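Labels A, B, C and D are assigned to the chains in the order they are written; within every chain, residues are numbered from 1.
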Amino acid sequence: MNRPDKKVNLNADMGESFGAWNMGDDAALLDIVASANIACGFHAGDPLVMRRTLKLARERGVSIGAHPAYPDLQGFGRRPMTMAPAELEAAVIYQIGALAGLATAEGTHVSHVKPHGALNNTACVDSEVARSVCRAILAVDRQLILLAPALSRLAEAGREAGLTVVEEVFADRAYLDNGQLVPRQRSDAMIHGAAAAFNHVRRMLEESAIVSVNGKRLPTQVESICVHGDGADAVAIARHLKQGLSEIGYAVVTIPALRNKF
Amino acid sequence: MNRPDKKVNLNADMGESFGAWNMGDDAALLDIVASANIACGFHAGDPLVMRRTLKLARERGVSIGAHPAYPDLQGFGRRPMTMAPAELEAAVIYQIGALAGLATAEGTHVSHVKPHGALNNTACVDSEVARSVCRAILAVDRQLILLAPALSRLAEAGREAGLTVVEEVFADRAYLDNGQLVPRQRSDAMIHGAAAAFNHVRRMLEESAIVSVNGKRLPTQVESICVHGDGADAVAIARHLKQGLSEIGYAVVTIPALRNKF
Amino acid sequence: MNRPDKKVNLNADMGESFGAWNMGDDAALLDIVASANIACGFHAGDPLVMRRTLKLARERGVSIGAHPAYPDLQGFGRRPMTMAPAELEAAVIYQIGALAGLATAEGTHVSHVKPHGALNNTACVDSEVARSVCRAILAVDRQLILLAPALSRLAEAGREAGLTVVEEVFADRAYLDNGQLVPRQRSDAMIHGAAAAFNHVRRMLEESAIVSVNGKRLPTQVESICVHGDGADAVAIARHLKQGLSEIGYAVVTIPALRNKF
Amino acid sequence: MNRPDKKVNLNADMGESFGAWNMGDDAALLDIVASANIACGFHAGDPLVMRRTLKLARERGVSIGAHPAYPDLQGFGRRPMTMAPAELEAAVIYQIGALAGLATAEGTHVSHVKPHGALNNTACVDSEVARSVCRAILAVDRQLILLAPALSRLAEAGREAGLTVVEEVFADRAYLDNGQLVPRQRSDAMIHGAAAAFNHVRRMLEESAIVSVNGKRLPTQVESICVHGDGADAVAIARHLKQGLSEIGYAVVTIPALRNKF
C-alpha cells in the first residue's frame, strides 16, 4: 500500500432512528465513514437519538453535519413540499441550531450541512429553494461547509452565497447526461455490488468527472462520496470501498480536513 | 420621580403563535417587559414565529430566554408527562439550541432559560426533573441564567448545579404558606386588577419576601416579575405595574443586567 | 317575501381551532350556513374541537362534512405536498372515519366530504389526486356526497367514480375564463363587500353559470355557495347573503336536502 | 389430540410500524393469534400501515381491535400523560373512528378495543381514566368489546358501564399478589422461554385464576392471552403456546367468538 497522497471523504446519513423505531446500523457505518449527516428531528432523529449519534461520531473522530429536512416524520422527509422561502429558511436554521446545541453538549461541533431527501432533491434543481438553504446556513455560521451533490443548483447557489462547498457523488447510483441521478424506477439506476461501486467511484476520481450511463464526461471536483447504511450488504460495500480507496492511494478524511479546517 | 437606584426585571412568555394560529399581543408586551421567554416549537412557536419574535425583541433591547416545554402542541405544554431524565435533558438542549441558532441568525443571543407550563410546574416540586433541566442548560452554555419561580426546587437545583439563578414572582397570583401558587381552582388564586397587582409586587419587593394569603412571610430575593399577555387587560396591568415600579424608584432592566452581564 | 321555491346550500369551513389556539367564530357562522366542513385533525381541529363543533352543528340542524387535508398542522394544510396515491387515499379515509366516530358519539353523522386547502386545490387540477380522494370516499361510504368546486377535475372525478357530487361557487372570489379562481395576488381576485358578493352569487344562480372576470359564461349547476368566517366582516357578509337569497326566493338547505337525502 | 371443547383467545399488538420505520413481524404473528390490536396513529401506525394491517388480518380471519393511545409518537405511547377526561374521551373516539373507517374500506370491522401502553397502565389503576375510555367506547358503538387486563380497574369500569368485557392475561409476565404485573425492573418480572410461558398460561386456565409470584390465587375468568411479537423468539413462543393449548383441548378463537358474536 502506498502512503496516501490524495484525500477523499466518505459520508453517510445517520441518526435516523426515532423513539422506539430503529433504522440503520450507525455504529458499523461510523467505523467506516469520516463524516456523518445527522437527522435533526424533522424527518427522523429525536433529541436523544441525535445526542447518542453525536457521541458515537465524536468518539470515532467522525465529523458532523446537520441533515435538515422538510417537517414530515410520516414521509421521512421524502415527500416534496412547498414552503415559503422565509419559512424554509427558518426551519433549516432551527434544525442546525438544535443539532449544534446537542453537539456542544457532547463536546463536539457541527462542521457541515447537507439537506435531506426531498429538500435536497428540490434544492438540486430549484435555485430559489437552494438559495433559501444557503441563506439559512450563512445566517447561523458562515464557517459551515455545504455538502451538495456535484453539478447541482445547490452547489452553485452555495458558491454564489460565499459558502465553502464540498461536492459529493454517490457510490451506488448511475448518472444521466445532465449530471442528475438516473431515476430509481429505471433498471439501470443502481450500481450493484461492491466491485462495481468501487470501479464507479474510481473512474469518477481519476477523471475528475461524473461519467454518465451513456459515457458522457461531466467534469467536476469529486471530493466526497456518499455511502448508504440501509440494504442487506450496504455496510460491506462501504467497507470494501474504503479499502479500495486506500489501495489506490487515497486517505479518507473528514469534510473539514478536505479544506484543512479542523 | 426619583432617579432609579434599584433594579428589577419584568418578563413575559412570548412567541406562542403557531402556523396560522395567533396568540397574545407580543408587540404590545415587548414595549413593556425587559425579558422575553420565547417558545421553542414544542408547545408553541414554529421556526418562523420564533425568528420574528427574536427580531422584535432585539429591536427593543429585550433580553431573550428559551422557554422549553414538553413535546405537546395539542396540550400547549400544559399536560404533565413523564419523560426519562436523559430524554428530557436532550429535549431541553434541543430547544435551547434551536432558539440559539435562530437568535444568531437575527444578530442576538439567548441569555436565560425558563421552562414552560407543566415542565416548569413539575420542576418546581420534583428535584429529579429540576436537575435534568439544569444539566441541559449547563451542557449547552454555563453562562445561561436560569429564571425560576422563587423558593422552588428548580431554583434550588439551579444553584446546586452552579448556574446563575434569577428568581421570579407572579404579579397576578397569590401564594400558599409553602411558597407555591394558590391553585387556580381556588377563588383567591388570582390577584385582580392593576392596583392590587402593583401592591402585591410592591410588598414582595419591600419585604424581600413572598407574603402568603395567610400573611406568612417567606424571605426570598425578588428580582424578576412575571407578567402575562393574555386576558382582556393583561397588557394594561403590565403597563401600570411598570409605571408604578418606576415611581417607587425601580429601574426595569433585563435579566443579564440584574447581574451586570450584557 | 315569496314562498321559497328554489333551493341552495351555504357551506363554511369550521372547527379550525387547535388546542389552546382559537380560529374563527364558528358559533356565529353556524347560525347562518346549512352545512359545515369540519377539520379532521390533520391541518386543524383536535379531537375535542371536532366533537364540540359537531355538537354545535347538530344543535342547529347544520349538516356535516369531513374536511380532510394533508398532514400539515404548521402549514394549516395550505402547503402543497406530494403523497403517493395509496398513502393519500388512506389518509383521507382515516380522517373521514375519525370524524364519523365523533359524529356518532354526538348523535349525528357525516353526510359530505370536501377536501381542504392545498389538497383541494391540487385535486381541482390533478385528476390522479382527485381520483385518490374519490376512491377514499367510496371506500368508507358510497352514500357520502362530494362537495367540489364547480367545473373542477375533482367534480369530474367524483361523477366518474359514481359519487353524488354537489358543486360549489365562492361568494367572494372572482373566476378566470377557465373556471378557476383568479389568483389571490391579482388585484381583482376578491369580491369586496356584501352587496357585490350577493350580486356575484345572484348572477351565477340566475345564469346557471360561472361568469368570469372577462364576462365569459361557463355553464354549471350552482347548488352550493361557500362563505368564509375569517376576516373582519365575513360573518356580516354571510348573513347579508343569506337574507338576499331568501328575498329572491331561495330556501337555504343542507347538502343532503339538495338531493332529498336526509 | 382431543376435539377442542374449550375456547380461548390469543391476541397481540400489531401495526406498530410508522412511515419508513418497521416494527414487529406482523405477518408471522397474524398466522398465530386470533385477534389483533391495531395501532391507530397516535403512538404508531400511520393510515397506510393501518390499512395494510387490516387487510392482512381480514385475509386470515383475525378479529380486529382498536389500540388507542396517548398522542405521543416519540414516546410510543409509553409515557404517562395527564389529559382532561373530555379530551381523553374525544381522543379515544377519534382513534376508534379512524380505524373503523379504514376497516370498512378493507371490508371488515372493528370488534374490540384495547388501550395501549401508558394509557392502558393508567386505566388499570385509575378509575377516572378507565371510565373515560369506557365512555368513549360506548359513545362510538356499544357492541364493541373491551379487552382489559384481568382484575384491573379498567375491566371493572367496563362492566359498570355495561360493556362486554373480555379479560386477558400475559403469557410472559409474572403477577403480584394484588393482580398487577411484577414491575419490569424486578428480576422475576418475566416468564422466560416457551415451556415456562405455556405452564404459566396452563395453570391460570386450569385454576381460573391468576397465580402470583408468591403463589397467591386470584380468581378471574381467563379468556384471552396476550402474546408479543417483539424480541428474539417471541413468535416461536407464541407458536408453541398455541400448539400447547390445542393439545390440552382448547380452540383458539377470536374475541367476538368467545361471546358467540361474529
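As a working rule, a residue touches a chain if its C-beta (ideal position, glycine included) is under 8 Å from a C-beta of that chain, and two chains touch if they have at least 3 such contacts.
Because the structure is predicted, anything quoted here is derived from the model rather than measured.
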Joint neighbours (chain B and chain D) are A, C
Higher number of C-beta pairs in contact (A-D or A-B) found for A-B
Chain A to chain B, mean C-alpha position gap in Å, rounds to 40
Chain A and chain D have mean C-alpha positions lying a whole-number Å distance apart equal to 43
Shared-interface residues of chain A (touching two or more other chains) are 46, 74-75, 87
Residue set of chain A touching chain B in the complex reads 41, 46-48, 50-51, 86-87, 90-91, 93-102, 104-105, 136, 139-141
The answer for chain C against chain A in the complex is residues 71-72, 74-75, 79-83, 87, 118
Interface with chain C, chain B side, in the complex: residues 17-23, 44, 46, 73-76, 78
